[in-house]
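One structure coming up, written as structure tokens, with questions to follow.
To keep things simple, chains are lettered A, B, C, D and E as they appear, and every chain counts its residues starting from 1.
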Amino acid sequence: PAAELQKASLRLKWLPQAQFAGFYVAVAKGYYKAEGIDLTINPGGPNLLTENLVATGADMFGLSGGTDSVFAARDKGLPIVCIGVSHQITPFIFVTRKDGPVKTLQDFKGKTVTTWFTGANHVLNGMLAKEGIKPDELKIQPQQVSVTPFVDGNVDVITATYYNEFYTIQSRMPKDSLKTFVAEDYGITFPRDTLIVAEATAKEKPELVKAFLRASLKGWKDAFSDTKGAVDTVMAAAPTLDRAQQEFMLTEVKRLMTAGAAARNGIFWIDADAVKTAHDFFLKYGVISKPLDLAAAYDASFIQSIPAADRLP
Amino acid sequence: MSSPAATSLSDGRAAVRSITMPDSLRKLIRLLLGLAIAAVIWEGAVLLFGIRPYYLPRLSAILMAMAATPRAYVDGFLRTLAETLIGFASGGAFGVLMGVVFFRVRALREMVFPIFVVSQTIPVIAFGALVVLWFGNTLLAKAIIAFYLTFFPVTVNTLLGLETVDLRQVDLMRSFGASNGQLLLRLQLPTALPQIFVALRLAASLSLVGAIVGEWFGDTTGLGVLLLQAMFTENVVAIWGALLASALLGTGFYAVVAAVERRLVFWNAEQ
Amino acid sequence: MQAARLPNPGPTIEVPQAHPKPEPLLELRAINKAFGSVVALSGLHAAVAPGEFVTVVGPSGCGKSTLFNIVAGLEEPDAGGILRFEGKSCHAADLLGRVSFMPQRDLLFPWRNVVDNAILALEVEGMPRDQARAKALKMLPEFGLAGFEKQYPNQLSGGMRQRVALMRTFLFERDLMLLDEPFGALDALTRAMMQRWLLDVWQKYRRTILFITHDVDEAIFLGDRVLVMTARPGSVKLEQVVDLPRPRKPEIVTSPEFVRLKRALLDAIEEESMKSFQSSIAQEKSQ
Amino acid sequence: MQAARLPNPGPTIEVPQAHPKPEPLLELRAINKAFGSVVALSGLHAAVAPGEFVTVVGPSGCGKSTLFNIVAGLEEPDAGGILRFEGKSCHAADLLGRVSFMPQRDLLFPWRNVVDNAILALEVEGMPRDQARAKALKMLPEFGLAGFEKQYPNQLSGGMRQRVALMRTFLFERDLMLLDEPFGALDALTRAMMQRWLLDVWQKYRRTILFITHDVDEAIFLGDRVLVMTARPGSVKLEQVVDLPRPRKPEIVTSPEFVRLKRALLDAIEEESMKSFQSSIAQEKSQ
Amino acid sequence: MSRAIASPSLAVQRGILGAVLLIACWEGTARGLHLPAYVLPAVSDILVGLWSKRATLIDAAGYTLLEALVGYGLGCLIGIGLAVAIALVPALRAAILPLATAINSVPVVGYSPLILLWFGIGVSSKIVMVAMAVSFTILLSMLSGLDRVDRRAVDLMKSFGASRFGVLWRLRLPTALPLLLAGMRVSTVRSVIVAIVTEMLGAQGGLGWVIYQAVLQIDFVQVWSAIFVASAASLAFFGLIGFLERKILFWT
């Protein structure tokens, strides 16, 4: 009965797109309602911070930036808890031209590299550190919205997500003319797209959190099995999107969400080892000021309480 | 207003219309012609100079893209229009009110007016997140940003307009035994009206800015949303689509305000 | 008609017993008014009988408008002076709403048409609009405005605007009317028309009128009595009774009697105007 | 002095042979000017001799300013009329920069001080500023402006502003000066001062002056000859030679000779002004 | 106006009182309700933060002001130039004015994606945006200023034999100055805001960039510090032009 539905909202980390298809599918198919939740999906955007909105109670659930932003938020004293991790492996890659001067990571030195300062910069720094390169040895610039400077040859290395910019670049130049640098090749992983709730929610409404996870999982599994239908659902919310790109995106997102530990333990699995590695890295490079209580920041109990069969893709 | 004035107004209107109708028709034709020429130049220049579509797409491509998903643009247009209107109306009303209050209570004006000025030096986009925090993800939140951008010029101009009131006219009214309220309604506000409308025309554009920027903070419909989405998916055609739609909204709203101004401030128009 | 009272040397004149009428409508005694260090009026005495048409002339800046502002209730005179209206001593502010005042310039409201401008004072009094309009419409022909009721001020000539302003003043039916250079902005020819017309209307309604002008011909042509004011600080320098018969024809301005009166007034004015001209140059120079 | 030419019935008058001087400085024959359907001037004839002071009166809207605009070169008359200046037939536009023109109101530039306002025309002519300023400074005392050279217009009284505007016109040394109601905005007393002063200056420099006014007293007091214009469409209704001796004293306005002239002029004006008053009402009504 | 000048000290006192009351309210609310910094930091915290980050903030303010000033100057030149062109060649009016109005009715932020695309995320895109925002205001105010000229004064100049340019230089430009300067004063604040807003969409430095970064780092004290600096900078700019205005327009 509608009267008993609990109102709740999910704040995305970005604008509506197939990156979030599972949540839209779950809403469209009534999975949240079936769990007693009347869920509204609120898009994110530049200058909006999911962690902030969740911490203040403006939104009940959030899909936040990533492990790095969860750490930063906890470090600043924001009372949020991570209840699940979407992208099990680093979604960013660094792209250069195959015929260009950059052949190895060492070649980054002295070159113009653009990246986002929203987390991708940490990935870059991490990779450089593994190779013993100091950030000031290259020209790191903030990356603008457009990939045009890279396509035009004004930039040597550009940051891209597998599912978005990489697609745009490929639509402008052939895939085999590109060379990519992947974080995992350098032994680091930054899981991203974390689901978060306020500490109070986690403590006072654990059943609601579990219900939310169950419904979301169902939505995602449906999205993965019927990508066309899922893209339809997303495009109902954002009709001006480019369908081909969204389909590509969903395929890539599926790969990211089912990689690593998720292949064994299911979607939204919190890989404690990966989290710990990232934490130590951030601590070492001063991104966070003090060691954090990881058990308090990442509460795997909710996702673990759901039967493995429901979690596995 | 009772009937005689009403008839007089409509008489005047009918007369004006009969004189200006061919003129306005000619203006409309000239406008359409101008638009057509601009469209041809645009289309031609892109083809002729081979401008790459991600710098400047062809107009026809943009229009076709808009026609492909008309609902998105119509919904966005209406939503943004609603936010703009609410922000404009509340900002205009509040602006006039504050103008009157500041005019009447000098001490308050000296205390608060500088703060108003400072408030206008704050970039909205920086505290847009706070608006979402305080007012949620609602239409209200957008309208408040539109309001915030709108009220200040209206306050300033209302105050300016009220201060241009001829003191001799005030004395005349007082010699008739007029109360403060009568003075305000019958003399001061009508005198300030032309100035107020100058600000309202400006506010028409500003309230649209407010609505669009407001939509950048996590909204789902609106021209601002379309613009942002297009921007971050690097969909240049869609950027132009959103831009054309907001140009239509902005010009239309501005024209409506200007038309209302011509109707209400009829005595100023003929100079 | 009263006997001519010839030039009086002192600036202060004892008025009361000179008037045969028992009770002046308005009486001012020893009125002073200073604005900061500028003394506008000093020891001004004057009285106006009911139904009288009194004209006031004097150099620019001598305090004529200040005098009117006091009588209209807009400005309080300095302490010490006596202001009597309808036989009762009162404060200036008590006069607000009790005299009909037409300031320099027509001051029509551009957003009101002729009728609505004319009924402004009635509206302020609280009369319903329809009733006020009906009243004004009946008066239009007399003011030469028949058929113009729907026009807006910017569609009227200067002379017509003045007549609308006068009609507004007339509709505010008070015993005393103050007209501050009502024809100041008009050219001489329209002005002559308006003067004759005003006399007609006045003769019909017989209100008491106090009328400021810069034009000596106008002052003589219209008035029962001309008050000449001194240079600032203003007081009454000369009261000249105008014993020309009424109704007065335009030709009267070249009659020997008119010319004689004009000579007497011009001499008095000349003297004052020289004073004020000199002092104004001195003052401007010192700024 | 020329003999008095008395009222001439027709609106068009044959002028040439009436002037003893061989060559008029300015001559207008059969000048017409229409603005759309409004005919401002129709069949206007007039001539001005060198050194003459001619005053022009006429009802409001009869085309006086239009006439001046034509003579100043700002407006072309309609085809058919003849315009002669310094004996040569010419177009109005040829007169641009050749007569010194003072429009109604002073039109001082508020951002220029007294001297810089006065030298405006010289600057336009291309004279170096220093030289122009030196020239103006020498003239200041004569215009009663000594010591005021650095003042800005908003620091001046109305009379002083008019004198600055006149000085600007005088400094633009052209044989013909056009003054369009230069004292229109002044009160009667300041105005009287300015008139006497203008006569002094004119007697010294002896420029030819064409002077519009609404004030008949002023027209007679100043002019060698008064042109009375008809109601619109404007033409010359009457040329009245003023045979009063110069220099003229203020008292002259009450002399019998003056009063006689005034009577004659007023009658002519009265007639025209009645016409224009009626037609203006009719016209306004028809709009 | 004249009344305001009559008692400046009282006005200033009241202004200061108003500011003090506002700050006290703010401080009281933030401290009294124990609001976390990400909701509303206390003024004192902001000032402390401002002081500790002063070097960064001053650098950023310099960067932003540079963009704002250059864009402002460029915008003024374009606006004045177009207005003067229209004044000299009236035929241009029908071509320029409708286009300007149409372009102007789209919010400046609407163009930002294209401008960023065309001019990159460096300083030049900010300058272009500021110049665009400023030039329209200036064009419109300058034009209404030039149009306000008294026809009779133009006739006077013509009767002196002045050319079209002579009339423009000696009469129309000075006549237009008051409105132009009023437009310029209003544009100061807008220029800074537009620079900041554009920086927030992508930049290599500046207050907008600082604000953007600080939001990401959940450092709201820094966000507010940057806003304080931005306000101070706009106010100073506003005051400077206002001061120049009073100096230049001595005759009003």
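The definition used in the following text is that contacts are C-beta pairs under 8 Å (C-beta built on N, C-alpha and C of every residue); 3 or more make two chains touch, one makes a residue touch a chain.
All values reported here derive from a predicted model rather than from experimental measurement.
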{"item": "Set of chains whose contacts include both subunit B and subunit A", "value": "E"}
{"item": "Touch-network distance, subunit B to subunit D, counted in steps", "value": "2"}
{"item": "Dominant chain pairing [most C-beta pairs in contact]", "value": "B-E"}
{"item": "Subunit A-subunit E separation of Cα centroids, rounded to whole Å", "value": "39"}
{"item": "Length of the line joining the C-alpha centres of subunit C and subunit D, rounded to whole Å", "value": "32"}
{"item": "Separation of mean Cα positions, subunit C and subunit A [Å, integer]", "value": "85"}
{"item": "Rounded Å distance, subunit B centre to subunit E centre (Cα mean)", "value": "19"}
{"item": "Per-residue multi-chain contacts in subunit E, two or more chains", "value": "39, 113, 117, 200, 215"}
{"item": "Residues of subunit D engaged with two or more neighbouring chains", "value": "none"}
{"item": "Of all residues in subunit B, the ones touching two or more other chains", "value": "54, 125-126, 129, 133, 230-231"}
{"item": "Chains grouped in pairs wherever the two touch, ordered by label", "value": "A-B, A-E, B-C, B-E, C-D, D-E"}
{"item": "Subunit D partner contacts - residues on subunit C that touch it in the complex", "value": "59-60, 144, 147-148, 151, 155-160, 187-190, 192-193, 214-216, 250-251, 253-254, 259, 262-263, 266, 269-270, 273, 276-277, 280-281, 284-285, 287"}
{"item": "In the complex, subunit A residues that touch subunit E", "value": "46-47, 49, 51-52, 55-56, 69, 72-73, 76-78, 117-118, 141-146, 148-149"}
{"item": "Touch list for subunit B against partner subunit A, complex", "value": "54, 65, 69, 71-72, 125-126, 128-129, 132-133, 136-137, 216-220, 225-226, 228-235, 238, 241"}
{"item": "Contact footprint of subunit A on subunit E as seen in their complex", "value": "36-39, 113, 116-117, 120-121, 200-204, 209, 212-213, 215-219"}
{"item": "Complex contact set, residues of subunit E against subunit D", "value": "150, 152-153, 155-162, 166, 170-171, 174, 177, 250-252"}
